[in-house]
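Each remark here refers to the structure printed beneath this line.
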Amino acid sequence: MKLTHINEKGNPKIVNISDKPLTKRVAVAMGEIELSPSTKRLILEGKTKKGAVLQTAIVGGVMGGKRSWEIVPMCHPIPIDGIEIEIEEIEKGFRVIAGAVTTWKTGIEIEAITAVSTTLLTIYDMAKAVERGMVITNIQLLYKSGGKSGVFIKEEWKREIEGILKKL
Amino acid sequence: MKLTHINEKGNPKIVNISDKPLTKRVAVAMGEIELSPSTKRLILEGKTKKGAVLQTAIVGGVMGGKRSWEIVPMCHPIPIDGIEIEIEEIEKGFRVIAGAVTTWKTGIEIEAITAVSTTLLTIYDMAKAVERGMVITNIQLLYKSGGKSGVFIKEEWKREIEGILKKL
Amino acid sequence: MKLTHINEKGNPKIVNISDKPLTKRVAVAMGEIELSPSTKRLILEGKTKKGAVLQTAIVGGVMGGKRSWEIVPMCHPIPIDGIEIEIEEIEKGFRVIAGAVTTWKTGIEIEAITAVSTTLLTIYDMAKAVERGMVITNIQLLYKSGGKSGVFIKEEWKREIEGILKKL
Amino acid sequence: MKLTHINEKGNPKIVNISDKPLTKRVAVAMGEIELSPSTKRLILEGKTKKGAVLQTAIVGGVMGGKRSWEIVPMCHPIPIDGIEIEIEEIEKGFRVIAGAVTTWKTGIEIEAITAVSTTLLTIYDMAKAVERGMVITNIQLLYKSGGKSGVFIKEEWKREIEGILKKL
Amino acid sequence: MKLTHINEKGNPKIVNISDKPLTKRVAVAMGEIELSPSTKRLILEGKTKKGAVLQTAIVGGVMGGKRSWEIVPMCHPIPIDGIEIEIEEIEKGFRVIAGAVTTWKTGIEIEAITAVSTTLLTIYDMAKAVERGMVITNIQLLYKSGGKSGVFIKEEWKREIEGILKKL
Amino acid sequence: MKLTHINEKGNPKIVNISDKPLTKRVAVAMGEIELSPSTKRLILEGKTKKGAVLQTAIVGGVMGGKRSWEIVPMCHPIPIDGIEIEIEEIEKGFRVIAGAVTTWKTGIEIEAITAVSTTLLTIYDMAKAVERGMVITNIQLLYKSGGKSGVFIKEEWKREIEGILKKL
């Protein structure tokens, strides 16, 4: 087992993928933001009327996912085929689920995770004036298919994975 | 209490700060990544020898913090005075602490949080080949001073806050 | 009368503004997109339910306005104080009005116009699958105050100018 | 007929194109800027001597076209094969024609239109010191080939389309 | 003497400048590209007719200078007041001189040097089809004023420094 | 022999590569920075302890290489397969060698050269507080394979070329 981004001198590198085949690759990631009931209500009422906070967060998340290679230093620039983001209300706040797909030699986990992360940062930014103490948590990969490493799945999130894959 | 990024029609906006005074503003944020002991060891051995994963993550984090306004849709572009990031080993993985400072009419919470978030995404990206199941968690603001809202502090993190403020 | 971006050899340059005073500067710009009644209805029904096309366009427009200096070659990077975008239905399609404000030595016309332009491009992009023949038109500055050139106003758009200024 | 960027909840998304075939896709777009004879003369004299305004605008336009996916929220990142921009003098000012080509699963309309739009914004920016009232108008797609939707053409612009296609 | 970008743990950081005063800061940098007489002639004939290579390089250089903070990891984002670039023919190829100015707490050396470097990269890129062996050389700071470190000057380039300062 | 970025009117363009085949393309570039023994020692001691300057420079270089198409105006956006950067101590300072690979219709010289150039700019930026007079020099392409122009090699750098190709 070896960290592929580290070359023999220990310097960071972008791993050479030129001999890998193109395969369809799909990833699903999630993350959550914990906030108070009153902040949640303010966001949701905004949503009921115009959807502004959550929809802005989705736009930010999609754009962040596209820019993963610019933000994450050793991430390959890849041609993304699709990104889909959903936000659902949970008891302690909101859960973000993102699905992303590419047909390429590498990817698409970090793109899905960056999309989730940017969505959550946007919610934080838009609500921080009313609650500075919000916590972003549980950012993780739920599913990955394609590529030689085979399928990765966190079975306990099967329903969420299937939900977003159906829409992607 | 009102969400300042939402205008009267509910559309997102960048709030007009033209009449706010310049003040020195400091923020400290944190976040954690949970990973297995074997992944941690791989990263740390890399660190002992060359420091590659964690130092690359710090560079990514600093650059991510500077680009907050590009990534977070309604975030103001502000002239950042300084960013400092530290990574410490914790039992379940690594903790990232970031301090950021500006002398401006708004900021600097989201810049500190984006710096933390990008640092964690970079660790995830560089280690994902050996462990896809890592979880990014506990991203939160620990401290904020400056501006009319006064000082915000999560007292239980006082030691970490003071540690990074001393270096900033 | 002289084009300030052209130096004596005719090469493009960023004009030196170091000796100009900081003043509060406000600009309002507009633009329109012409499309068929059926496309308009599709967009508006989307708006009634979720507001997706027009709100995504507003988010794109705000972000585009912030990036004016990256997109327009000889545009100064300036710290933007606020951006506000509105979209209204007109007979032939939609009209976009953007207001922007800075407290700086130059600006803020191009930022308002770029915000309008990006909003319109986003509407075009999101609706082009149903109508490729849409036309983007009437992009222009309506109002500018601040700076030594004094107030610029297109009187026939006074109502729109006042409307957006009140919200900025 | 359905807006492809809107998912079933009405949230914006990047449409999944992973199952579409690669095809060569060509688009031509145009746009105009209306300005006074004296501003036109200043620009053209600059052009005669050094070409600065219009050539800077072309460089800005090419770079803007490449960045469409960064600027337009739901636009796919695609590998652009070529961009060509021409500016011609018309009675009321200048007309910009841009051709763009890709060999990919989606595109290339928005890239051509963004190239036109950025070219026009650059002309506006470089000439605004002498004339704030300029109007950007008539931005539209003239031609598109490739992809399953077949050829789109605005016949009345056939000469301009053929002119740019010959050079692309 | 201490490297200011290295904190006590040796990690990179953006140095905290919040307590430094605003001062007007001017920098001049230069660099050269060596190429064959036939490539030079091709470029110059292009210049005589349309100026395309060298003017595109100047536009690229100005835009690169503005983006220094995005490209150079520990560089502060600063509000640039002006950038001026000149290219002169020298025996072995071309020399690029860039002047840049800011009124801020830090800068403006790296912005001038990045402007020079991007100008040279653009010439290389546009001419590489005819000569792959070109060499970019002699990139250096010639002059810096403002800030507490006082005036830095390479006296042997006095004429070039004065030439660009007069135009800035 | 013709400059491919110049169209018949002399305007800059992105050359249409849509009919070129995909081939694996590899490039190696180098560059040097000259600095005083005391600055070199400071950097190297940093390196011995934490590697900060040189490792930050490598991260900056990799990220700069990925962004070539954003920085260099007429450069195609291409999907980069890998980037590897090495820094070695030489008598007068440091030498940077970068290798880059793509499987595409164009590239990968400018990406390798931009990676070298950004690495050197980062070293300059991080050491400029102790020595403003450093000189960046000898930036050049050492090797290129793939594409119809065949192999380009500067034989006198064979050892360096082979060294980096082995690691890529």
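Should a chain be cited, it is by its letter among A, B, C, D, E and F, assigned in written order, with residues numbered from 1 in that chain.
Going forward, a residue touches a chain if its C-beta (ideal position, glycine included) is under 8 Å from a C-beta of that chain, and two chains touch if they have at least 3 such contacts.
Quick caveat, the model's predicted, so the values are computed rather than measured.
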Copy pair chain C, chain E: interface residue numbering same or different (half cut): different
Contact-richer chain pair (by C-beta pairs counted) among D-E and A-B: A-B
Separation of chain A from chain F, taking each centre as the mean of its C-alpha atoms, in whole Å: 31
CA centroid of chain E to CA centroid of chain F, Å: 17
Between chain E and chain A, distance of the C-alpha-averaged centres to the nearest whole Å: 38
Centroid distance [mean C-alpha coordinates] between chain F and chain C, Å: 38
Overlap residues in chain D, where contacts from two or more other chains coincide: 9-12, 50-52, 55-56, 59-60, 63, 67, 73-74, 77, 79
Touch-based graph of the chains, sorted into line, ring, star, complete or other: other
Residues on chain A engaged by chain D in the complex (per definition of touch): 24, 51, 55, 58-59, 62-63, 66-67, 77, 79-86, 101-103, 167-168
Residues on chain E engaged by chain F in the complex (per definition of touch): 1-6, 9-12, 31, 38, 42-43, 46, 49-53, 56, 59-60, 63-64, 67, 71-75, 109-110, 113-114, 117-118, 120-122, 124-130, 132-141, 144, 149, 152, 154
Contact footprint of chain A on chain C as seen in their complex: 50-52, 55-56, 59-60, 63
Residue ranges of chain B touching chain C (in the complex, touch as defined): 7-18, 69-70, 73-74, 76-79, 104-105
